[in-house]
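Got some structures for you, see below.
Okay, so chain A shows up in both of these, paired with chain B first and chain C after.
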Partner chain A sequence: MTASSPAFWAAARAQLTEFRRDPGTLLTLATAPFFAVILLSVTEHGGRADLAPYALLAPAVMASIGMAVMEAGETIFRDRSTGVLEAVLTTPAPLTAVLTGRIAAITAVSLVGIAECWLVGALGFGVVVAVEHPLVFALTLLATAAGVAATGMLLAAVFVVGRNVRSFQNSLTFPLYLLGGAMVPVAFLPAGFEALSRLFFLSWATDLLRDSLAPAPVAHFWPRLAAVAGLAAGMFAAASWIAHRMVRRVRRTGTVGFA
Partner chain B sequence: MNAIAVLRQTMWSGWTDLRIVYTPTTWAFGWMVRVLCQVVFYSTLGSLLGDPERTRYLLVGAAVFIAANETMMASASTTWERLSGTLALLAAAPAGMVTVLAARSWFWIATGTVSSSIALLALAPVFGLGLGAGEAAAAVALVFATALTNYAVGLCCGSLSLRFHRMRNVFSNLVLLTMTAFGGVVVPVSFWPTGFQWFAAAFPAVHGLEAVRLAVGGAPAAAVLAAVGLAFATAAGWLAVAAASLWWFQRDARRTGSIDFGD
Partner chain C sequence: MSHIGIDAPAVEVRALVRDFRTRGGPPRRALDAFDLTVAPGEVHGLLGPNGAGKTTLCKILSTILLPTSGSAAVHGLDVVADAKRVRPLLGIVFGGERGLYARMTAAQNLRFWAALYGLGRREGRRRAAELLDRVGLAPRADEPVETFSRGMKQRLHLARGLVGDPRVLLLDEPTVGMDPVSAHEFRDLVESLRAEGRAVLLTTHDMAEAEALCDRVSFIDGGRLLRCEDPRVLGELLSRHERVRAAGVPAALAERIAALPGVERVRETGPGAVLVETDRGGAALPVLRTLVEAGVTDVSTAPPTLEEVYLHLIGERGMAVRP
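Let's turn to the complex of A and B:
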């Protein structure tokens, strides 16, 4: 089990140290309150108090997935550039354990965005969002965090395998926010886009999270949660497979140290 | 003559940088896809509210602010001389570094104008904003004015980034998001308390965006020109601050021998 490996925890600790060493890596968390102000001002100005939970949930989700793209996605690439990957591959610790540990730490830190955005609503606008279905919220959040971590793992692997792919890193955030229904439910997207977005765990997750904040009963909770968890698991499996292939390739070609 | 030669070389260096930043493929299928998704993200907020007028307001705000977004990248690119090791050489050169650093990131003005204009013109019909040929041409010209004037703000952030290299993206993002929140991009400036309105008025892009809104709304030319005038007036202030900050950075770095050491 990955999380029981000492390497997992050591990697998580190393990642937390990295956050302290370079506060610039927390940029996404610094931007979350601004997005909360921006989105909440739109719903308040439009006189739609019922949409306030949407406006406060969205920047938190954006912060989390944004950190998966900008920080988690960089992990293997940075380790390779700085020579850390060579050292990691010579240890008995599996790369997956190290990678999962680091990305789990990034994802856990990214969830601070939820508190930030809630506080912006409460202190800045006097809008207090209540969680009407705490169990639904907690379980969905857990599955969402797993999906976000899996997204980070997948990107970390893909950015190394296809070096040119990393050129698209900065461009990924808003397409993912849109396809994930971060603010506007994907049902508002054109039919083709909606179908595509249903292959991305986040579209199911954001719908469920929004429902957990509304007083109405949550319909079809378990199948929807299963969709979030299943798609996240699929992404994790794909990430592990690509990372495994990447390690085999760089070992065979002797290019572990070449970034 | 010397200043022109320095500027010519600087512009060429910027052009070379641009070709490293983007290939035609990464620009078209990476950056432009992000730009369009970003503008659609904000515009669909109007659909969520069920208000076509607000949808059009959000579309124009989000599209025009792509120009502000890209010119804020001057914050990071101002520091590229440090990364390439040429900062010390610039400090030693008789031409000095202020002109070079101030002009080296010009390409963001060009790319910002192009991507913002494409987003506005391509998405206008999708979200029900009718633009005639004259309005479209005026909008593109005013988007250019927005990019040009906001460049001075990006440069100010760049002069700070030279001192605090790791924060180069933090400065630009926080300033951009402040402008987006309070500058009439998603809600009118009048939504905010008076103090915030005065604060927003200090940013050139806020006036540039107002000029675009006036032009596409069919306002008299005098009103549009007044807004553009305010954009250039505030930009002059930001440019003066940026130039003073760069000059101070050069003097301080020479005096302390810290030119290649950031953070």
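Let's turn to the complex of A and C:
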């Protein structure tokens, strides 16, 4: 048996254990309901009940991408500072298997944000947003989760190079929310922004998710889903390549154990 | 592609060089044309002061550091070209408290590491339980590692090093932080590893430990191999350079002791307190006799420290870290 598959599942279990032992790592999820309250209050007060799906989807997507930046992005950095990365690299398991396992667990947990926001709508405002196209929603959510995980993996590999990770994390979240169309559909952005955002899987994903909540038929579903999956796959490939390069670099420079 | 050589040396290092870049200065050479051979089933001690190159060697062998030049092989497999095939053969225990998930329990940690060596869940559980028992941590298996003492973490590191059932075990100062009882149990563990036919490369500052455990010992300094010896040579060094400490020694008595045969030096370490250094076996006995006959009873003997042996092996630089 190769070490990849057991390593993936063991890393995922280790990450879930970390969540249980340190609930502070779930802080991003704790903020999602508050954002949902703010946004839904605005739409309800403005008499725009039609925007309720936007108001609930935005904080859920923000929670997921926020977890990718804050938690997934730190995985290698943290393992490096605690000496775990050094030990991982001496084992037969590929680093990408360990990394993917942990980030998959983080992403799965981050999807709890959707349930939180929907509950805020239902219990706090009596607003129940129906999923009009369940298959579209489910498939898009799956592809989105893969993209969020790829984003986390890419950031994890990139953050290793820098030492001031917190500043990067704090600066990155809002540009990602913007380019990903989490709060505002990218079609509403100035032309230059929209063109740039179309290179980011999340802009396609948020449009599709919003469409899946509306009664109107979803136009060009499969090509749009392919765009989400393709861009996510590209990001995953880039993340794997950067992680591989990073390992080569720290082995060459003798800085595996530095943080 | 090379093949795993069962009869090949467990570790074979030839002309190994590792340079580290320094800011604005010339590269620092951590290993300099280093040679070493460890036979299968051999327990080999690597003795040297801080910065001697011991940990650098362990890191290169464990594939997490690339050499600048030269070669290193584990059972005939090159650690650079065949790194993926070398890793399953190796277990590594770095000294210190790092390298474990602090919030996870000892058992969870070991199951995690077992999976990284390709063990399935059931096999991983069995292996973790067996190893926790072997290192004496079974009663604390379900407690978070962050609650462990330094010595307990060190024992868990040992278990982690064994989780992949390695043929070669690299132990980088494994008894740091262990209490004497645990250190004694560790020696028993290394003996059992030898009996199982595993090769062990042990870096240590503790000469008594090296003497007790090792089939051969190598002295390393400045990245170079100084000497590779039978551990009995260590025993000779330890007895030859025995020291005597005494308090309440008048100056005239100190002068008499300095004149005794085999006494290398008498150092004043405080008012009336002296440290007598000898340079031949049995020389401590007349020193003790002279002190006791003169009515001095606050006396103790001790083997030389690694620093003192180094003074004899490498000169007056002793344990000072090289620039």
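The criterion applied here is as follows: the second predicted complex is superposed on the first by the 250 of 259 C-alpha atoms of A that agree within 3 Å, B and C clash if a C-alpha of one lies under 4 Å from a C-alpha of the other, contacts with A are read in each partner's own complex, and residues count from 1 in each chain.
We take it that contacts are C-beta pairs under 8 Å (C-beta built on N, C-alpha and C of every residue); 3 or more make two chains touch, one makes a residue touch a chain.
Just so it is clear, the model here is predicted, and its values are computed rather than measured.
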item: Partner chain(s) touched by A:42 [first = chain B, second = chain C, both, neither]; value: first
item: Contacts of A:123 with chain B and chain C, given as first, second, both or neither; value: neither
item: Partner chain(s) touched by A:138 [first = chain B, second = chain C, both, neither]; value: neither
item: Which superposed partner A:256 touches (first chain B, second chain C, both, neither); value: second
item: First (chain B), second (chain C), both or neither touched by A:22; value: both
item: Partner chain(s) touched by A:187 [first = chain B, second = chain C, both, neither]; value: neither
item: Chain B versus chain C as contact partner of A:214, first or second or both or neither; value: neither
item: Touching partner for A:82 - first (chain B), second (chain C), both, neither; value: second
item: Touched partner set for A:237, first chain B, second chain C, both or neither; value: neither
item: Intersection of chain A interface sets (partners chain B, chain C); value: 22
item: Of all residues in chain C, those that touch chain A in their complex; value: 18, 20-21, 56, 59, 62-66, 84, 87-88, 90, 92, 94, 96, 98-104, 108, 111-121, 124, 144, 160, 164
item: Interfacial residue positions of chain A with respect to chain B in the complex; value: 22-24, 27, 30-31, 34-35, 37-39, 41-43, 45-46, 48, 51, 54, 164, 167-168, 170-175, 177-178, 182-185, 188-189
item: Chain B to chain A touching residues, read off their complex; value: 23, 26, 29-31, 33-34, 37-38, 40-41, 44-45, 47-49, 51, 54, 58, 166-170, 173-174, 177-178, 180-181, 185-188, 191
item: Residues of chain A that touch chain C when the two form their complex; value: 1-3, 6-7, 9-11, 13-14, 17-18, 21-22, 82-84, 86-93, 98, 251-254, 256-257
